[in-house]
Every structure is written in structure tokens, then in C-alpha cells.
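Take a look at the structure below.
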Amino acid sequence: MPQITVEYSRNLEARVDVVALVHAIHEAARSTGLFEQGYGIRTRAAPRDVYVIADTDPANAFVAVVVRIAEGRTASQKEKLADRVFGALRTQTADALASTRMALSVEIQDIAELGARNHNTLRPRPPDA
Amino acid sequence: MPQITVEYSRNLEARVDVVALVHAIHEAARSTGLFEQGYGIRTRAAPRDVYVIADTDPANAFVAVVVRIAEGRTASQKEKLADRVFGALRTQTADALASTRMALSVEIQDIAELGARNHNTLRPRPPDA
Amino acid sequence: MPQITVEYSRNLEARVDVVALVHAIHEAARSTGLFEQGYGIRTRAAPRDVYVIADTDPANAFVAVVVRIAEGRTASQKEKLADRVFGALRTQTADALASTRMALSVEIQDIAELGARNHNTLRPRPPDA
């Protein structure tokens, strides 16, 4: 049941298609095959309007992606997931990177099983629906 | 000093009363008796306007509640807290669930004591105030 | 590559200069000398419009600062960082504290190395730029 947050400085919206970025990261996570056809993946953007980055130049930008998954995955599964997501992030921001000083990051966090509760009706619809 | 975040896809606002949801989750945490009359509990909503969920149908929805508490609680305390909060979440979203494919989640996270700093003036007012 | 989030209840905006607060916290983290001249620090505000705090009085307020850093720092490095950031938070909210019941918090979280990916072009510009 991965929870993916794509947090970014609002100044990027002039140079990055955020909807496309969120879709690409979602598909990158789904492409790993780690998450049962992707029915548990929830990917969202979190824009930030007020930020101070590095040397405080207002033109500086960031995208910080956090991928949170149930604990128990192997190191190689996490590395694969990180690589795919980071690849999508790099591709979607490639043009902006040419003209913008910015920091891109991806990280993988564990969701503790103790205290976790889930209810999910995101199952596929039947074929004739 | 619990920190509770109720993150959700904005499309739920037509079917879920978010203010009532945040209140219900706050009261659920308070009802556990774990937090000194509730004076340290801070519960807030974090709506998301851009999201991609599961099979990417824009009608899909999510609510992800994260409850962050000082480390050191027992497993049974955490389970009780999770049960109460999840119960409130289920109750408040019951009607919406009938017509919406969505994912509900609750998780409990520890706040590390190392580096934690707090200042709190949320004490009760005197009776004659 | 610190990631700093300054989350707060929107009712504080009448009494706290949020831009100044974010700058002060950014500079406080930079002043520790722990982060290579500060080129990796990203500090942002996350305002919350819907919240329920302590006894549910709508006048209650909070600021919750989370500082996320690469794992491996010593306890004393984390304590120094927490002290500096909390000092900036206290200073910037001192006037508001006189008239507002609120909770201030700082915490330090580790970013796991496993799965972490970074690309950073926030380097200083050359002197003649």
C-alpha cells in the first residue's frame, strides 16, 4: 500500500508539468511489479508556496519525493523502486534542470506494521462495468 | 504530544465533511486517555489537489491518517490508538465508501526523543477565565 | 541534504511573519556548519487551514518543525541542530506566544541511506556570474 508524496517548490510550475510528473512517478512505482498491479499506490503532489533553499536565491527549486511502503521489503526491492522513481523524476525535470538550480531527491520509508490499519476498495472493476 | 495529519484527495470534499472528520479523529485520539486530557494533541487536514491513485481513475480517492507520538508507548497502547482513530475514520467515511473506490489508512509513527523540543501553552484555562 | 518543513495552523499568520520564520529556521540550520555551507538545505512552510488543537478552541495554534537529515549524525550534532532551530522558532514566535495558546515543536528525523537518491545543482555560482 505505497504512499508517494511529490513535494515541490511552486516556482517549478512554470517549467515542470506537475500532473505529468505525478503520473510518471506513479507509473514508475507500478512498473516495479512489487505492488499487486498497483491497486494500492496513492501518489500525490504537495506544492509549497513559501520556501528558502540553499543560498536563499528565490529562483532555487526542489522536488522531494517520499515513497512509503510496508516494512519488510528487501534492500534490492527498495533499490529497484528508488531507481525507477528517481528515473521518472529525472526525465520529467530534465528540461527544467538545464535552466534551474535545484535539488531532486527520492527516499524510501518503511510503514510500521504495528498500528497500521487499511481498508481499500480500489480493486479493479469487473470487465463489463 | 501527538501530531495527527489527515491527508486526503480533494475529490472527497463533495462526499465527506472534512471538518467533522478532523474533529472525530481528534476526539478518538483524546478518548484513549493516553495523552493527559488531550492538551498536546494537534490534528490537521492536508488536502491534495493533484493525485493519481491505483488504476489512475480520477474518481479514486484516499484518506491517509498519520499519528505521530513520542517513542516509548507499548504495542497495546499503539493498537488501541490505531483502533480508535481508524474507527472514527471508518464512521466518517461510511457513506462515501458506498459510492467511491478509495483507500483508507492509519499508521502510528514514533517521534524520536533525541533532538525533540517542545514548548506548549495549551494548558486549560482557569475555571473563571 | 536536510529537508526542513515548518507546518503551522493558518491562524498564526496574523501574528507571526511566516516568511521571516522560514528564513530564520533556514539560517539556524545553516549556522550549525553541519551542512557544507548550506547548499543542500531546503526549508519550506506547510500551512494548514483545517485543524483541531488540544481542547478544540479555534484560537489554539501550533508550529511543528520537522528537520530530516541523512542518517549517521551523532547525538550531539542532532542536539545542536535542534537547539539552533528551536531557538529560531522561539524567537520568531515570542510576540505571538504572549497572546496565543500554542504548541511549538521541533524534531529531528533520519533519512535512510537505503533507497536515497539525490541530484543537486544548488552549488554556488562562480564569482563573476
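Read from first to last, the chains carry the letters A, B and C; within each, the first residue is number 1.
FYI, a contact is a pair of C-beta atoms (placed from the backbone, for glycine too) under 8 Å apart; a residue touches a chain by one contact, two chains touch by 3 or more.
What you see is a predicted model, and the numbers here were worked out from it, not measured in a lab.
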item: Interface residue overlap between copies chain B and chain C, same or different (over half shared); value: different
item: Superposing rotation of chain A relative to chain C, computed on C-alpha atoms, to nearest 5°; value: 120
item: Approximate Å spacing (C-alpha centroids) for the pair chain B, chain C; value: 22
item: Of all residues in chain A, the ones touching two or more other chains; value: 46
item: Complex contacts: residues of chain B adjacent to chain A; value: 7, 9, 46, 48-56, 60, 62, 64, 67, 75, 78-79, 81-83, 85-86, 90, 97, 100-110
item: Residues of chain C touching chain A in the complex; value: 1, 3, 18-19, 22-23, 26, 38-46, 111-112, 114-124
